[in-house]
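Alright, structures below, take your time with them.
Shared chain: chain A. Partners: chain B in the first complex, chain C in the second.
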Partner chain A sequence: MHFDSIANLQLLINGFAIGSIYALVALGFVLIYNAVGVVNFAQGDFVMLPSYVAISFLAPSVAVFGVQMHWQLPPLAVYLLVIVLMTGFALLFNRIAYYPLRDRGWMPVVISTIGVSIFLRNFAQLTWGSQPLSFPSPFTADTIDFGGLHVRPQDLLIIAVTATLIMFQYVLFEKTSLGKQMQATAQDRTTARLLGIRVGRIVAFTFVYSVLLGTISGLLVAPVFTVTKEMGGLIALKAFAASIVGGFGNIPGAIIGGLTIGVVETFGGFYISSAYTDAIAFVILIAVLLVRPQGLFGERVAEKA
Partner chain B sequence: MSRANAGALVAIAAAAAIPVVFRGSDYLLNLCVLAGAYSIAVMGLGILLGYAGQMSLGQAAFFGIGAYASGWLTTQAGWNFWEAVPAAMALSALVGLCVGYPCLRLSGHYLALATIGFGIITQLVLVNWKAFTNGSDGMSGIPAPAIGAYTIDSYGAYFYIVLACVSAGAYVSSRIKATRPGRAMQAIRENELAASAMGIDATRYKILAFVLAGAYAGLGGALLAHSIKFISPDSYSFDASVVFLVMLIIGGASSVGGAIVGAALLTFLPEVLRPLKNSYIMVYGAAVIAMIIFMPQGLAGLLQAVIARFSPPPDPGSETIAARPSAQRS
Partner chain C sequence: MSLGRKNFLAAGAAGAVLGLIGPPSIVLGAPEPIRIGLIPPITGANALLGQQEQDGVKLAVDEINARPDKVFAGRPFEIVTEDATNDNQSAVAALNKILGENIEALLAPVLSTQVQAMAPVMKTHLIPWLTGGTAVKNTQLGVDGLFRLRASDAITAAAMTAFAVQDQHAKRPAILHASDAFGTGGADQIVANLKKFSIDPVANEQFPKDTKDFTAEILKCKSANCDALLLYIQNPSDTAVILQQIRSLGLSVPIVGSPSLGNQTALEIAKASADGCYVGLDFIVGANSPVATRFVRNFSQQFGHAPDVGSGSGWIYDGVYLLAAAYAKQKSTDPKTTLATLRATKDYAGVLGTFTCDGEGNMIHQISIGKIENSKVTLVKKVSA
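On to the complex of A and B.
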């Protein structure tokens, strides 16, 4: 095997970037899971939908319902608009797909999130067509050259934004009343309610926060991939794998699990087999489940009696 | 003869009339064969999820393994339909054993994810193991079954083979449900710890459920492969596994009839919605959400509620207990 330190460093940066995306989406899974005990199968579509919405306002020319749009609004304004729209969407999602089923165990909610996923993917196809769209990059240069090391600025942006979000989340959870209420709700809903926490609202806020994590990952990853109705599916499955590798329900575990899968899969795709890149995450997952079923960092909620 | 047996016989007789009624339309008969093959796979999932309470999102992989095994055996190894289909079924069951065993310590979401991983790996193998599967170009020329010199190549005649398999599958599944293995599985679904305390070997019955789910899906997949004659990896994706799960839940997770009706309904629903053109899958997604909210126990539960309303109350005891369990859990 040819060993090349520059190539390896480049792979490491790529791996960290894609791993950051998995980590953000994994956090979205874990937060909803901790709050309501259900895995949201539509999480990947919360990566896809905002990417399409953003493209509609950013791209020089894009067909929405067959109508050509040429808005080309300034990117920051578009990002804010998408975040506002997705907040509204998250509240709607919480109200329709979760709230009526909240007392019926986890399976009906899982099926209803699958229904939401089918709906959103086909809504996207109907609205934006089945051709992959390319997302305008916020950077003019494709790669920056650091003495032979070619780094995509988008990768650096992804890593920086993820690091910032993780710090933000730490402050939110550890230093604010809202974050403490979210944690209390996740730990024990009945007791939280007895303590005067408005559990319904906290759960709705958790949904919004999770959807926004998906939104931000979508806006970050869209310039790297093309935007298709399927783009979120595989990202979400790998993020789910990441959250289990780290120990389900465990927040630092989700982040480290995401980064691990991103890095290992990038190196594996390069050195072992590019055809099986997508299988690597699941091989890691199955190996971890067999050897250490509680995940690398232990789980928060037992579900494997 | 009990009411359930009479109902099953009426259903089989009605299904047997389908090729006569639809004899002019290969399109409709093809859909009926499709619904039959799907319903076998869904019944298998019903044993795993409905009886034993183990969530699987990898049923399409078993379906694909059955299809590819039977396709390869008939096109490359020179076997005939009658040898290849049982072999395909046995292979899927064996894979079910191999997947079921490591998955035993998992349940709930973990199991769902491990089965998703298995499905994705299977699909990648189907795409990339070109020597065996011919990759994404798919495998073509899968022969129709023959009896002596007579080849069963009309959809009408083939439908009877599928119908026989569906009936046999339904019979076996309902016998399992009513006897010791089925009761043991249902006890595990309700409370694994309590079931173990009662002396039920949970490991054995969970593996059995995986093996049966694999065998059923393998049979369905093989039957479909010999009907459509061409298979490609796209048909066995994660989305197909989701469709199987939705068929089962809509039909009623622990009901044999529900599995068949759910599979048939969701096979025909897209065709009925076709006038909506491109938006039909969107409507289908919305229909799934509405059905799960408004029909908690699926079509089977709805039907039971309607029957209960118009008939005298049954004997207290066996019936009511058997009808209740899926309410909260599945």
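On to the complex of A and C.
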């Protein structure tokens, strides 16, 4: 295997693109975990559902419940509509899957999220059928070519949107009252309540934000991956590994973990073996847990004797 | 009107008797249906294949049941379905469940990995098992009564390899395949066939289930300076995504793919990315027998879209008709007799070609090479084993 600088650069760009998606989904995991102390196993389906909803309004012809739809609305209107619909879905998810179980420990909530995941996949199959759907790309050109490098505009969009969202999140958490209330709620809900923070609303907002991160991830990857009911499954698994690598509950850790897994698995697939692309993510996970059990950015938690 | 105790008891007794003897149709001796088992992947990543299988079966059963001359002793076909989903454990569980449903034959999964997982259970029951799974190993598992209704990977891979080397003049071919039983089996066959031309592949890349980003695999083939790429992949959606990524990563060499490359779904998703590709196919619409032409016409009328070519609907449609023909010929549905009849199949005209059973239960011995342009496949050549 020779080391080709163009190939390396190509791997880096594509690794960053897929890593960005892992990072966004990992952020969704971390935010909900911080807010309510549970892992949301439906996070991957928050990538899939908005993709189906969007394609129903975008594509020239899509069968919904067996009826051909020909809406083909302008993309910007569709993206806004999907964000509104997914916000409503997030509030419903919070109200049905989390709220009634909030005082019964973490296990019932986790099981509830698994139930939502199964429901959403079956709902998608019943609504849109088993046919994979081709999501229209917002770009006219498939690739931008320069100096032997072939870059998909969609990959650049994925990286740019992720970077923007990370900056937005920094401003939200560090510079706004809402962000500080979210941080306070994540750290200690009881104290936050005593300080006058409306914890229920903050938790609901966190669910909305987390679902919207999945929504944006879905809209970004759908033109590259096609829309299937399984599209979020492996992404969520890798994102979960990313959030553990970064230190579960740690926001910068989720971002770095996602990017690390995306880049390392792409290079690993090229230089080691493509058969082990998926295994590489979990080798990184195990290695990090062995050397630094709290994750790259996690804080060490000690229990009193 | 009041109902006295005596009348109430009489009505109750009459109801009980009716309940025991069943509805009027049974009283009048309506023929007992011939129950055929079907285990498609209804849910999971291969649900599309499952839908295509169910459509193919439905078309065949509707046609056969509507024609008294095709129905043995007036007994209509009844399909009993269980979901094989996308994993082997579920397929085996579905098989165990359906075997308790008094079935005369089973339309086994098209996924070779599931067929191989089911083999130990299949060996314990002597009924006809009809599969579209193309992995060579499927008919070498020692399952008595397993028949393959599509060309095996040995035939497809040999035709694809010969076409790449002889027609496309490939000297440095690369292989990209799925890591499941289908993909690895096909890739092994391609490697073995390349050796006949004294060629080793410059890259032999595989990808695990549910992979969506194929950058590493494609770049590896590209970096190895391949002059042709042979694809062996079951899932049409994966095939389409790979084609798009091959084009976007600037790999422009002749591509020769396994049947999923010609699947209608793959073509619809891949669009221009599939143009110029070649595919080894079970059959090509417009280039086959009158049976295939009739199948395409009837399928399109019933479902509002053209059938996929081979992997989903065609083979299983043939399977139902083969069983109907066997039952009509032997004038019984006895499984042992059916096995003997199916083993004696010779020159039977089906959708996928001419069926003749060999010693291993392989029924189809030819494949077509097609070229894709504007999402349509046209015949380049037919290859017989």
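By definition in this document, the second predicted complex is superposed on the first by the 298 of 305 C-alpha atoms of A that agree within 3 Å, B and C clash if a C-alpha of one lies under 4 Å from a C-alpha of the other, contacts with A are read in each partner's own complex, and residues count from 1 in each chain.
Methods note: a residue touches a chain if its C-beta (ideal position, glycine included) is under 8 Å from a C-beta of that chain, and two chains touch if they have at least 3 such contacts.
Being a predicted model, the structure only gives us computed values, none of them experimental.
Trainee: With the two complexes overlaid on their shared chain, look at chain A and say whether chain B and chain C clash or fit.
Mentor: Taken together on chain A, chain C would clash with chain B, as the superposition shows.
Trainee: Identify the partner contact of A:V291: answer first if only chain B is touched, second if only chain C is, both if each is, neither if none is.
Mentor: neither
Trainee: Is A:T266 contacted by the first partner chain B, the second partner chain C, both or neither?
Mentor: The answer is second: A:T266 touches chain C but not chain B.
Trainee: Per the contact definition in the header, classify A:I244: touching chain B only (first), chain C only (second), both, or neither.
Mentor: After superposition on chain A, A:I244 lies in contact with chain B alone.
Trainee: For A:A275, is the partner it touches chain B (first), chain C (second), both, or none of the two (neither)?
Mentor: In the superposition, A:A275 touches chain B and chain C alike.
Trainee: Looking at the overlay, does A:S117 come into contact with chain B only (first), chain C only (second), both, or neither?
Mentor: After superposing on A, A:S117 lies in contact with chain B but is clear of chain C.
Trainee: Under the stated touch criterion, which partner chain does A:V67 make contact with: chain B (first), chain C (second), both, or neither?
Mentor: After superposition on chain A, A:V67 lies in contact with neither partner.
Trainee: For A:L194, is the partner it touches chain B (first), chain C (second), both, or none of the two (neither)?
Mentor: In the superposition, A:L194 touches no partner, neither chain B nor chain C.
Trainee: After superposition on the shared chain, which partner residues are touched by A:L76: those of chain B (first), chain C (second), both, or neither?
Mentor: neither
Trainee: Between chain B (first) and chain C (second), which, if any, makes contact with A:F225: first, second, both or neither?
Mentor: Touch partner of A:F225: chain C, not chain B.
Trainee: Need the overlap of the two footprints on chain A, from chain B and from chain C, as residue ranges.
Mentor: On chain A, the overlap between the chain B and chain C contacts is residues 122, 125, 233, 275, 278.
Trainee: Which part of chain C faces chain A closely enough to touch in the complex?
Mentor: 43-45, 47-48, 50-51, 179, 205-208, 210-213, 215-217, 219-220, 222-223, 236-237, 240-241, 244-245, 247-250, 265, 268-269, 271
Trainee: Would you pull the chain A residues touching chain B in the complex into a rising list?
Mentor: 33, 39, 96-97, 100-101, 104-108, 110-112, 114-120, 122-123, 125-126, 233, 237, 240-241, 244, 248, 275-276, 278-279, 281-283, 285-286, 289-290, 293, 303-305
Trainee: Would you pull the chain A residues touching chain C in the complex into a rising list?
Mentor: 1-2, 4, 7, 10-11, 14-15, 18, 121-122, 125, 129-134, 142-143, 145, 148, 150, 152, 221, 224-226, 228-231, 233-235, 265-270, 274-275, 277-278
Trainee: So in the complex, which bits of chain B are touching chain A?
Mentor: 55, 102, 105-110, 112-114, 116-118, 120-121, 124, 127-128, 192-193, 238, 242, 245-246, 249, 278-279, 281-282, 284-289, 292-293, 296, 328-330
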